[in-house]
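In the two complexes that follow, chain A is the common piece, with chain B as its partner first and chain C second.
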Partner chain A sequence: MTTVVDGVFTLSQADKQERLLPELARLTEHHRRNGEAYARILSATGHGPDRDYRSVADLPWLPVRLFKTQVLKSIPDESVFKVLTSSGTTGDVSRIFLDKEAAAAQTRMLSRTIQAAIGRQRLPMLIADTPAVIKDRKSFSARGAGVLGMMNFGRDHVWALDPQEKPDVEAIKGFLAKHGGQPFLIFGFTFMVWLYLYEVAREHKLDLSNGVLIHSGGWKKLIDQSVDNAAFRQAFANHTGLTRIHNFYGMVEQIGVVYLEGPQGNSLYCPDFADVIIRDPETWQELPPGKPGLVEVVSTLPESYPGHALLTEDLGVVHGIDDGDWPGKRFSILGRLPRAEARGCSDTFSGGQA
Partner chain B sequence: MSNIDRLRTSFRTALDLSSDFDVDALEYRGIEKWDSLAHMSLVATLEDEFGVMIDTDDVIDMSSFGKAREILQKQGVDFAG
Partner chain C sequence: MKLKARFPQGPDCTVDDLLADVTREPEGGRLVVGDERVRDFLASFSRRLLRPETARRFPELGSLGFFLRRGEIAKAIERLHDGASGNRYLPRGLVLHFPPANVDTIFVYSWALSALSGNANIVRVSNRSAGAAETVIDALNATLAEAHPAIAQTQRMVGYERDDAVTAALSLACDLRVIWGGDRSVTDIRRHPLAPLSRDLTFPDRSSFAAVAVDAWHEASAEAKRRAVDGFANDVYWFDQAACSSPRVLFWVGASVGAELAREEFMGLLGDAVAARGWRVDAAMAVEKHVATYGLAAEGAATRVRFAGNAVAEVELAEPVRMQRDWLGAGTICHATVGSLAELVPLVRRKDQTFSQFGFTAAQLDEFVTALAGRGVDRIVPFGSALTFASVWDGFDLLREFTRQTTIWPG
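Now for the complex of A and B:
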């Protein structure tokens, strides 16, 4: 379908199961041996050391929220190279501990995943954000860290918003005059891209047809305007000529893994080293394609903290398996688990997303 | 100026270091000034100085002065002389 660099979207679901299961079981043991808190959780939930696992869905998972209340790491304090934090809805933050190897591994795998969409070359890059997000070099917000991480994939970076967070139409026009005739990269958080770049491009009739847009961050702020993934793609195509659009889903607790929207749009795909399992929120049983439930994410990347199997607070649905642009499961995120359904999430269900 | 000195100068310029700062053993994040943002400007500086295009993998692999030298060498920059 599209150029896949070093292929991270290659494994059929059966091959993926076969590859992930022993690796995830190994990680479970590794984190049990190296993390006291994790070992206690495992033994309290009936996952003793000798248990045999027949499928990825049988492996023990941690609620993602635990990273907000517990120190969960499998490396000694002196090996900690980076501590990543996420902003929580109630002010509490997840803390994710990386050693040097883990930091390098996550960057490398993220890079291989994004290269599936944009190729190996760094492209001129338009950032749908303000340079103010990376102004404080000692402490980036999650947004700043996200922007900075993506900047590796670009060159000649231009910000679409000025430091006062107003659209910088002249800067955008200047960027397009210089780079608009060949492939260029656009990155931003979904609501920023919509509110600033899309609106500005439409108003000024800007041609974004050579762009490749990578965006993430969720649809909550756009649902009020009745904009879902399909409407977003349609609007960009109709008014700016931009059709190469890849949304992605990811979280700091599984850093290095992005679930990337395929070339045809409206489905997210799992890289070869990761997968999703949709679970019934009442029985925890795995649900078949077509049935919405809670999203569990698994990945073989986390060596420095027990993040290899995480139950998120997001609702999602698998649309199909081995039947899309890329092999494996294709799915959508539907929104947050409603607050009433336990665990105190303060976001409300927003529905109808990619 | 020899290529190795051009490389040293590029590092000092991009990372905002004094002109006598010994950069040969520098590692990414080994000093406060070589953070992820400075890394972008380092890459851009090297591209301008040596007239090369550095791809994403190399941007990520450029974890030390020595690595930068290797990456440029791979692109045909000669550090022998």
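Now for the complex of A and C:
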């Protein structure tokens, strides 16, 4: 297990609450003053400037999909340095506006979080993807952007798939022959790692025991094969010797935050500047550990857009508080809410009249 | 490309065979307006829909069964006044129907009135149809056993996967093409030309609103208020408030103080009505409503957004009031207060279809229609009737649309 000096998984839940609450309340005021659309939402939903917040769960949240339908930013147009986008399944896209400081903070905090898993050195890196995903830098997908972001944490990169998206067994074998004797980094989207790297490693009896795997992207594509996180870890351990596996959860709307799976696996942890709140989708109250609900994510990083408290469309559950590998809440993502559909008529629903 | 014969159920057929069959003169002669063979068929179909086990499972099929009862059908035909003052009504010929994918029963109304007008009909039904639509097709097939053979020959419901060649061939062959189901479907199907003498009857996207006369509300009995709220609840919650006739904005017409009180009382009763029926919205719909209403607030179109549980969301529209036509999720009511119906006139567009109302007099409504001067609104109905289908729809008297007129001037 990596020892974390200067780490970001250090605060107990009580300390975190104490630190996050004033900071998040400040951000609420900051975004109110600097973003008209956000100010209107607060005003319409009864969150006046004089309201006093006793806990993080009391703070107003925005539904994360609002970033797909509205321009929400707290910086003037001339300060926009970077616009992050995410493509959704329905084709609409979130737009997240960053100024220079926000972009720098994003990179800095992301590094510190990832270092909790891999240490401070750049390790040789095996990527469970094809170089084709980053080929066209002007138009690469969310997958390409994710790969590119993670490449900064490794060196001597080798792709596990060839440009035709076929497993490149020789390349993987070559990488392991050269670097397999010391710690190395593996990164990929969960389903790619499973479908390509795991299957290939198992078939060719490859030894991945010095690897640290970081993966993300969700389990949806693996559910059909009855592979959940525990099965995934077990299979890698049994057949490839790989045991240092960190899944993570994050979204473009919450810059610089990754919720990282702890060393023992099966739980995600929140970095010190972020937290999750599981809400009952009927009462919107916070749910205690063990009760699944909708995931709200909070973070003190977003200064340039009002993304410090977001209600996601993911279902999750908190397993415990201050009782795991790292302090704070440990939780899992259980799946995604389906998109609401109506029976009636409009172009959106290709329906008809009644 | 073969078409799936859903009604009458049978082997897959080609477009050519289908067209040759339906246009052949049937046994007993060509169909006429109000044809007895069709009346008999619709009457026994109606009885089948009104069977308790069917009507209980799909209330909308109960309404359909009621609409198609022999007496109702007779009244509809009488309204044509066929033969009066030298005006005769004749079938158009072959009518092609493209019903919407998601509303299960509308295609039956459209088809039944066209059949009653003496037309041969081809209805494209969704291959994915389920629930009520499936039950309808089963009931139609079951009714066929005792029906005149002319019905099976001239009335067809077919399924086919999206195929331009089939749509084009059917379009060229028909005398009237009926397109339901949104702007995009209408535009898409209209790419296919019709024969020179043929025409389209289209039912594109529409939106609807409601209003309460504040004074009348305060004067109404508790029972009348409760009935109005129950009706409004049906108008809003059936079809997830996404039907063209589902109201989106609720206008309070009168002095603002009285309006405030009326609204409070009304919304209290609505909350009770929704709770009493056990109507809920799921988490996905609740999120949808938050995204939509917060979006309105962000845009400055709403000054207040309030959720009384997930089932009922209230939005206060900003002044000056703009009509809110977008779907905001099931059970989202946008309020606005105006001094008089006249103030609504400039807000109305051609797209606005149904105006559901409580408490206005016939004279006030008539005056409103005069003031609208054709800007929009096709029907004005009391609360509870927004979704009730009528043979005059979207401003068209369907029996007239499904027939053509021959005038006789003896000289």
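Just so we're on the same page, the second predicted complex is superposed on the first by the 334 of 354 C-alpha atoms of A that agree within 3 Å, B and C clash if a C-alpha of one lies under 4 Å from a C-alpha of the other, contacts with A are read in each partner's own complex, and residues count from 1 in each chain.
The working rule: a residue touches a chain if its C-beta (ideal position, glycine included) is under 8 Å from a C-beta of that chain, and two chains touch if they have at least 3 such contacts.
In this text the structure is predicted, and so the values were computed from the model without any measurement.
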Looking at the overlay, what does A:Leu148 touch: chain B (first), chain C (second), both, or neither?
first
If you stack the two complexes on chain A, which partner ends up touching A:Leu294: first (chain B), second (chain C), both, or neither?
second
Touching partner for A:Thr107 - first (chain B), second (chain C), both, neither
first
Tell me which partner A:Glu282 touches in the superposition: chain B (first), chain C (second), both or neither.
second
Chain A contact check, chain B vs chain C, more residues touched by chain C
Scan A:Ala177 for contacts with chain B and chain C and give back first, second, both or neither.
neither
For A:Pro338, select first, second, both or neither according to whether it touches chain B, chain C, the two together, or no partner.
second
Quick check on my understanding: which residues of chain A belong to both its chain B contact set and its chain C contact set?
none
Report the residues of chain A in contact with chain B in the complex, numbered from low to high.
81, 104, 107-108, 111, 114-115, 120-122, 134, 137, 148-149, 151-153, 155, 157
Seen from chain A, its contact residues with chain C in the complex are 37-38, 40-41, 43-46, 62-63, 65-66, 69-70, 72, 281-282, 294, 311, 313, 337-340, 342-354
Within the complex, which stretch of chain C touches chain A?
99-103, 106, 180-185, 203, 205-206, 238-246, 282-288, 290-291, 294-295, 297-300, 302-306, 309-310, 316, 327, 329-330, 387, 389, 393-394
In the complex, chain B touches chain A at residues 29, 35-37, 40, 43-44, 47, 53-57, 59-60, 63
